[in-house]
Every structure is written in C-alpha cells, then in structure tokens.
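Here's a structure for you.
Letters A, B and C mark the chains in the order given here, with residues in each chain numbered from 1 onward.
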Amino acid sequence: MLEVQNLSMRFGGLLAVDQVSLDVQEHEIVAIIGPNGAGKTTVFNCMSGFYKPTGGKILFEGKEIQGKPDYKISRLGLVRTFQHVRLFSRMTVVENLLVAQHRHLNTNLLSGILKTPNYREKEQKSLDRAAYWLDRVGLMDMANRDAGNLAYGQQRRLEIARCMVTEPKLLMLDEPAAGLNPAETKDLNQLIISLKEDYNVSVVLIEHDMSLVMDISDRINVINQGRPLASGTPDEIRRNDDVIKAYLGEA
Amino acid sequence: MQDLLYFIQQLINGLTIGSTYALIAIGYTMVYGIIGMINFAHGEIYMIGAYTALIAITGLAALGIAWLPLVLIVALICAMIVSSSMGWAVERVAYRPVRGKHRLIPLISAIGMSIFLQNYVHLAQGSRNIGFPALIEGGFRFGAEDSFQTSITYMQITIFATTLVCMTILSLFISRSRIGRACRAVSQDLGMANLLGIDTNRIISATFVIGAALAAVAGLLLGMYYGSIDPLFGFIAGLKAFTAAVLGGIGSIPGAMLGGLILGVAESMTSGYLSGEYKDVVSFGLLILILLFKPTGLLGKPEVEKI
Amino acid sequence: MAAHNLKHALFCAIVTLIISYPILGFNLASEGIDVTLEGAKTSTVLGVLLAALIVFLFQLYRDNIMGSLRQLPAVNPLANRKPMEQSKRLKLESTLLTLMIIGALIWPFIASRGAVDLATLVLIYIMLALGLNVVVGLAGLLDLGYVAFYAVGAYSFALLSQYFGISFWFALPIGALLAALFGLVLGFPVLRLRGDYLAIVTLGFGEIIRILLNNMTSLTGGPNGIGGIPDPTLFGMEFGRRVKEEGNTSFHETFGIAYSGEHKVIFLYLIALVLAVITAIAIRRLMRMPVGRAWEALREDEIAAKSLGLSRTAVKLSAFTIGAFFAGFAGTVFASKQGFISPESFVFLESAIILAIVVLGGMGSQMGVILAAIAVTILPELAREFSEYRMAIFGAAMVLMMVWRPQGLMPMRRIHIELKRQE
C-alpha cells in the first residue's frame, strides 16, 4: 500500500537520504533500522510531508504523495508519532483524543453552537471512540489529567492512541520504545501486534530496541549513512554480513 | 537636471534617516540573534537616550558651557550611560525571569515594558513635545541659485560620520574582543556556550547594553535632526528600526545597516514623490511584504524547523 | 554576607539612580522656543533616593527575602486547597453568573447616568477582550492590531449610516461581518508567520488602517472623524427628544412618560449587555467544539496538530476571523454609544489595553477576562487622582504578570469530560 522509490533528501550540501526505497504491504509491520544519524527520521519526515523530498517518489495506495502538505497526507490515513513525544500538554488526555477526531465531527459552526441533535450524536461517537482507546491503552483513569502531567510511558501510549482514533490505514512510529522500561516495552510489543491483527493497520517503525524489532517485524529495512544497506525478513537481516558489520557489530 | 537634484536630495535625506534607523536596528538584531526575542521596549530606550541628551544639553547651557564639541560629547556620554543602564535593567527585570518560557510570554513582557517606559517619561517630562536645539547648523548647497538646490547639511554629515564610526567600532568589537567572540558563540548555540563556561547571562546583558548605547547615539542625532522630541517618538522609530532589522535579516549586523539604509531611502522617496503621510504606510507595507516573501531578510540565514 | 552580594547590590542601586535621577530629577520646560531645565520637587528626589535604597537592601538580602517569601504559605491560600468537585464548582459558577447577570440588569435603574455609561464601556471592553481571548488565549496568535477590526466595525456603521442611512440594527451584523472579512483577508497571507513576526505584522496592519482612516479625508473625515451617528431604535422607537426619521415614533411619547436622556443610555447599556452575553455564550460553545479544541491544539504543538490532519491555515484563520467578528460587533456598539468616532479611538495603545485585559485575566479563561475587563476599566475611574498613572501601572502590571503569574489571575480550567467505558 505504501511504496517509497529512490527517495533522496538534500539539506544544502548534505545528502541526508540517498536513493532509499522501501515498501509496506497491507497487514504488515515493517521496521527501519540503522545507526544514529542514518537518516531514518528524515525518511519519516518525507513520508509524512514535513519535508519535501528532493528526489524520488512516494506512493500511497497508488497515488503520489511526495511534496503534499503534511495535514493532507495525514488525512489520507498515514499518521505518525514522534521521536520526542508531541502531545498537546496543556490539554487533557481525552481532549488530545478529541482533537484528533476533528474530521469525524461536523465542522458546521452553527450546528455546534446550537447543539443540534446531529452534532450531539457525532460528539458522543467521538467521545466513545476516545473512551475505547483510552481503555485499550490503559489510560482511562487519567482521562481528565493534563497530558503534560502523564508519566513518560503513558505519554507514549497516549500518542499512539491519538493516532488510532483517526482510524489510520498506516501508522508510522518513530522510536516508540525509546525511554520505556522492559515491562513497558513488552506491553508496547503486544500493542503494536494487536494494532496489526485486530485493527488491520499496517505499521512502519523506526526502532533501536533490537529485540522489539526482531520480535514483531515482518520485514526490516536497514539504512546506513542515508543509503539503503539491506532489506529482508528478521532472519535474513540477522545473517546479513553487511548489516552485522555496519550496525549490529558496533552495537 | 532639476529632477536629478531633487532625487539626490531625497536620497541624501533618506540615507540620513536610514543610518539612524540602522543604529537602532542593531539593538533589535543583536538581541534577537542571541535570545530570539523582539525587544519591544528598545524604541523607548532610544527615546530615553534622546531625553537624557536634551537634559544634558540644557543643563550645560544653564551652566554657561557652550563649546560645541564638549556639549555634544557630554550629552552623548550621558545619553549612552542612562540608556545602557536602562537596557541592562530592563533585561534584568522584565526579560531574564521569563527567558526560555513560551514565546508569547517574553513578548508580552516586552510590550508591557514599552508601555511602562513611555509613561514613565510621560509622567516625568509631560506629554508635549519639547524643542531640541539644532546645535549643528549650516551646510553645503549645490545647483543654480534660482532653481531647486540640493543641500547637504553639516548635521547630516555628522549623522553619517557618527554612524560610520559607531558601526566600525561595533564590528571591531564583535570580531576582535573577548566579549564580542563570546557574543557570537552565544548566538550560535546558547546552551553549548553555557556548557563551555561562557557566562551567558553576562553576554546577554552586554548585548542589551551595547544595543542601548547605540540607540542613545541615534537618540541624540535624531533629536537634533528633527528638532523636537516627545515620549511617543520612540515607538514609531522603534518599529521602523525593527522593520530595518527584519529587512536586512534579523540577527545579522550588516543586515541591520543595509536594512536601515534601504528603509530610510524608501521612506524619503515616498515623502518626496508621493506624500509624507503615507511614508509610514510604505514602511509597514514593506515589512509585511518582506515577512511574507523572504522572512529571512536580505542577509539573514534560514532557520531550519526541527522535528 | 558575601562581598559579591554587596558589590552587586551597590551596582544595582547605582543603576537605579542612573535610570531614574536624570529623567525624574530634572524637568524640561519649553518657554517659546527656549528649553529650560528645572529641578524636580524635593519629594521626587527623595523618592528616587528611597527607590535606590530599597533596591540596594533588596539585592543585599535577596536570598533571605526570597527564601522567606517562599516559606509564606499565605501568599496564595487557594494553592493548596483541593480542587472543588466538578458538580459543586459548576453549580457555584452558574449561581455566580446568574447573580452577575441579574445585578447587571438591575444596575442601570439604580446607578447614575455616568455610571451606566461607564458600564456600557465596560461591556464593550468585555466583548473586545473575549474576542481577543480567542485569538491570543486559545489560538496562541499574538495579534497586536486587534483594534483595527474594532475600527472597521465602528467605521462601517458610521459610514453606512452617513451615506446610506442604515440603522444600528442592520449595521450591527454588517459591521461584524465586514470586520470578519477584513480578518479573513488580512489573516490569509500573514498567518503562516511565526508568533513574534505575526505580532509585528498585525501591529503594522493596525497602524496602516489608522493612518488610512486619518488620511482618506474625503471618505472618513480624517482626524476630524465622523459625527452624528444615530442611536439605536427599539422597534422603530427613537430615544431622542424629537423623532429624526420619518415613520419612527419616539420612545417617551409611546409610553407616555416624560422625556429623559437616561432612557437612551440605559437602552444602549442593555443592548451592550445582551451582546456581551451572546458573545460570551457563543465563544464558550466554540471552545468546547472541535474548532475550539483545534485552536488550542495548534497553540500547544503545531507540528503534532498538522500530523493529525489539522490545516494550520484554516484553523488559525478561523480564530482570527472569529476574533475580528466580535471586535466588529463591539465597534458598532462603540460608534453608536459615542455618536462620534475618529482615528484617535483606535490607536495601538487600545490594542495593548485589550491585550493587557486578556493577559491579566488569564489567557483562555473567560471568567478571568470578564473580571479583568471590569477591573481595568473601572479602577482608573475610581482612583481619578491616579488616572495619569494608569498606563504606567498597566505596563508594569503586564511585566509583573508575565514574570510571576503568566497564566493570569484566573487561569483557564480544563473542562471535565465524563467517559463511559466501551466494550
């Protein structure tokens, strides 16, 4: 459903991403790994529309999306999280989830001001969806806390829930396990698998935690210094000499 | 020929005003370069410099001292000391406690400071405008006796010369002195400079002091040039100077000079060929256009948004 | 006592003297073309010296003073109290609001004419501040040219009535819509600018509009302004002594009461009250709607908001336009209250006052903003002998609020949302 072809991104004299290609099929978890500074997040930023790639194509469900504005890409069903969690910290947890559902809600100002039955019904639906996901990630009791006051692991989960209420087709997770303890990582592991199995969402993730990557990924792409190094199933990657030399070897 | 002389006259007037804008703009640009905030009260610092200079000039006259160079130098020094102290105090009181908070907070604090200082001078010195003696009179004239003459006054020459001297000293200071080097380091990366043992608080204070001192010079010069001052005259001049700083590329010192000159000329051309009333519209319009189409200004570096 | 402290304290005291003595200690006076210098009153000089002494002592004992201040629990008695229960708080708030509205309704019949007039002004400021609160407090867009939209509202009514004889009731929506249109047109190009640039650009726009009003003399009367703006009518009843417009009747004749200038003042007050209440309710609703949440989301984190599919331009523009709309509302009421408007009423300082109200009240907090609007308008009237200090106090208060309590006197409280567990 997603196809990245020969993606390049140049910042002035620096070629941060050079001819990277990868693809994601429906019902699949694909990981992007590589040493720090390899250009993984830059690939993400191009895919989610924060950067306009200087070369290559990105196809989502057959349509070219490279260079499209970020909010439009997100509306297509391609939603991401951030390496450093980005929540609306002075809004409550449940408000964070309601913001994300703005598209499911009637945007007509008057119907909202006058609280028409139609508006109420839609509002209730999005509340229910928010409640469902809060329950799913174990934050029900925190619903009315300020998002900024949550513990780090909870903030990570909230960010994923916030993506999920938009009902995405493809979820992009940027180092979801960063800063989590082993128990939390294990929960995350299960959550990501369940997103794929139960909600039929494909996942692309950038991750440094090798056990997580090897456990849950269907396929792995390795990037080194902006260039693609290898791709394949976890087993293939584990045995790949180049990868061992460039990445696993030094880790 | 006449048209050309008229044009040259507008150019001279524009460059005169423009070079004082440049002096004020330095203060905006240096502060922005280092802590990334618009020092909204900078125009008031300049206004206070002008008032102090006038007080010093009047005081010296009352004491019977009339030797022009001495009067000018004493007035200049007084204005620079008072303005710099004010710049230092403003930073300590209104900006340092809110440094690093959400962007709007220092800006609102600065607006409050600007209003406060305006009214501080208003309360102390009244709201009416007060005549500023034109200490430097006379000038050169070009062109035929019976038609339009281009003139360049000694005052205008003084303004050019002073601006040039100030800018040279500033450039040397920034490039050669220890504090100047630290200033550049801090504007590159405040956190890193801190780690390297630079006392960033001191450097930030120094920036405010230098900017204020230059604004005081502009205060004295423009006071004499315009011939009168009032507590509000710092506000518009401040906005103009800010426009100049943005035009040249905020954070860039040569940019501030260039921006000041361009803005001054644009204004005087508007006054000369259209109408004096619309010169403010032109400079604000210019500001808006630049921000829309080239927010980094003429000589500024682009800012990369980090995710 | 460290020598370092002493040195620092001495330095601060000297700076205090330098920045206050020359400006406060000498008064410039112009006599004809000559300027003379007079020494200030002894009390002023003593005051300056006292200030320096206070600064010296404060800096000297700074650590001790700050330490003991921190230990004072009484500074904010509410800080440690447990937040009230949701239902209880709502009940208290609604009782308070009802009382306020009842009080506001009775007010014109017991207060003097001047007091009612002042109250109308307060209500206009409440509308303005509530509108700006959307832009600054919720959407986080620092608009320093807000007064321009106020001017658009006021001038549209003045011009429409002058050239087309349009009455207050028609002009009210037109003025508000025109102001909103201005907001839309101006906002479209500038809203992608970063926060502080946006502030300067809006300030520039505000000034441009004022300069244009001042100079387009043939249309706007320039600095002389426009007079003879009609009063609002009540179902075709006029409040003047004599009926001006054909077909109208006069209020006092219809009801068979003696003519009184107060009727008009009270009527205007009631209009302003109704409009202010409508403004408050409408914005309160908007805050709880997707668009209101989008404003706040964008204020909190633009990048995250965009990643969730919010269009930055559309969201910002909606806040800007809605803010402008209410300013236009207020402008129309203002024009009709004054009967005369000129560019003088729409200077930058006015924008700054409205901003100060929003900041003092607590950005985003409606209750806080309303109370601040009341305080900021009425306090200077109560303490007339200090009224010349008003703006200086304003400025100082803005700085102090940002330093000590950037969230304002009554910070915005989040709405509690009850959720049902889903199966």
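Rule of thumb we're sticking to: a contact is a pair of C-beta atoms (placed from the backbone, for glycine too) under 8 Å apart; a residue touches a chain by one contact, two chains touch by 3 or more.
Since we're looking at a predicted model, the values are computed, not measured.
Inter-chain contacts peak for the pair B-C, counting C-beta pairs in contact. A centroid comparison over C-alpha atoms places A as the chain most distant from subunit B. Subunit A and subunit C have Cα centroids lying 42 Å from one another.
One inter-chain figure worth recording: subunit A and subunit B are separated by 49 Å, centre to centre, where each centre is the mean of the chain's CA atoms. Centre to centre, using the average C-alpha position, subunit B and subunit C are separated by 30 Å.
Touching of two or more other chains is recorded for residues 50, 82 of subunit A. Residues of subunit C in contact with two or more other chains: 303. Among the residues of subunit B, those touching two or more other chains are numbered 307. Partner subunit A is touched in their complex by these residues of subunit C: 282, 285-286, 289-291, 293-294, 296-297, 300-301, 303-312, 414-417, 419-422. In the complex of the two chains, the subunit A residues touching subunit C come out as 48, 50, 69-72, 74-75, 79-80, 82, 86-92, 94-95, 98-103, 105, 107, 109, 112-113, 115, 127-132, 134-135, 140, 143-144, 146, 162-163, 166. Taken together, the subunit C residues at the contact with subunit B in this complex read 15-16, 18-19, 22-24, 26-28, 30, 33-37, 40, 136, 140, 142, 144, 189-190, 193-197, 199-201, 203-205, 207-208, 211-212, 214-215, 303, 348-349, 352, 355-356, 359, 388-389, 391-392, 394-399, 401-403, 406. Remark: subunit B residues 37-38, 48, 51-52, 54-56, 58-59, 62, 78, 81-82, 85-86, 88-89, 93-94, 97-98, 101-109, 111-126, 128, 130-133, 235, 239, 242, 246, 275, 277-278, 280-281, 284-285, 287-288, 291-292, 295, 305, 307 touch subunit C in the complex.
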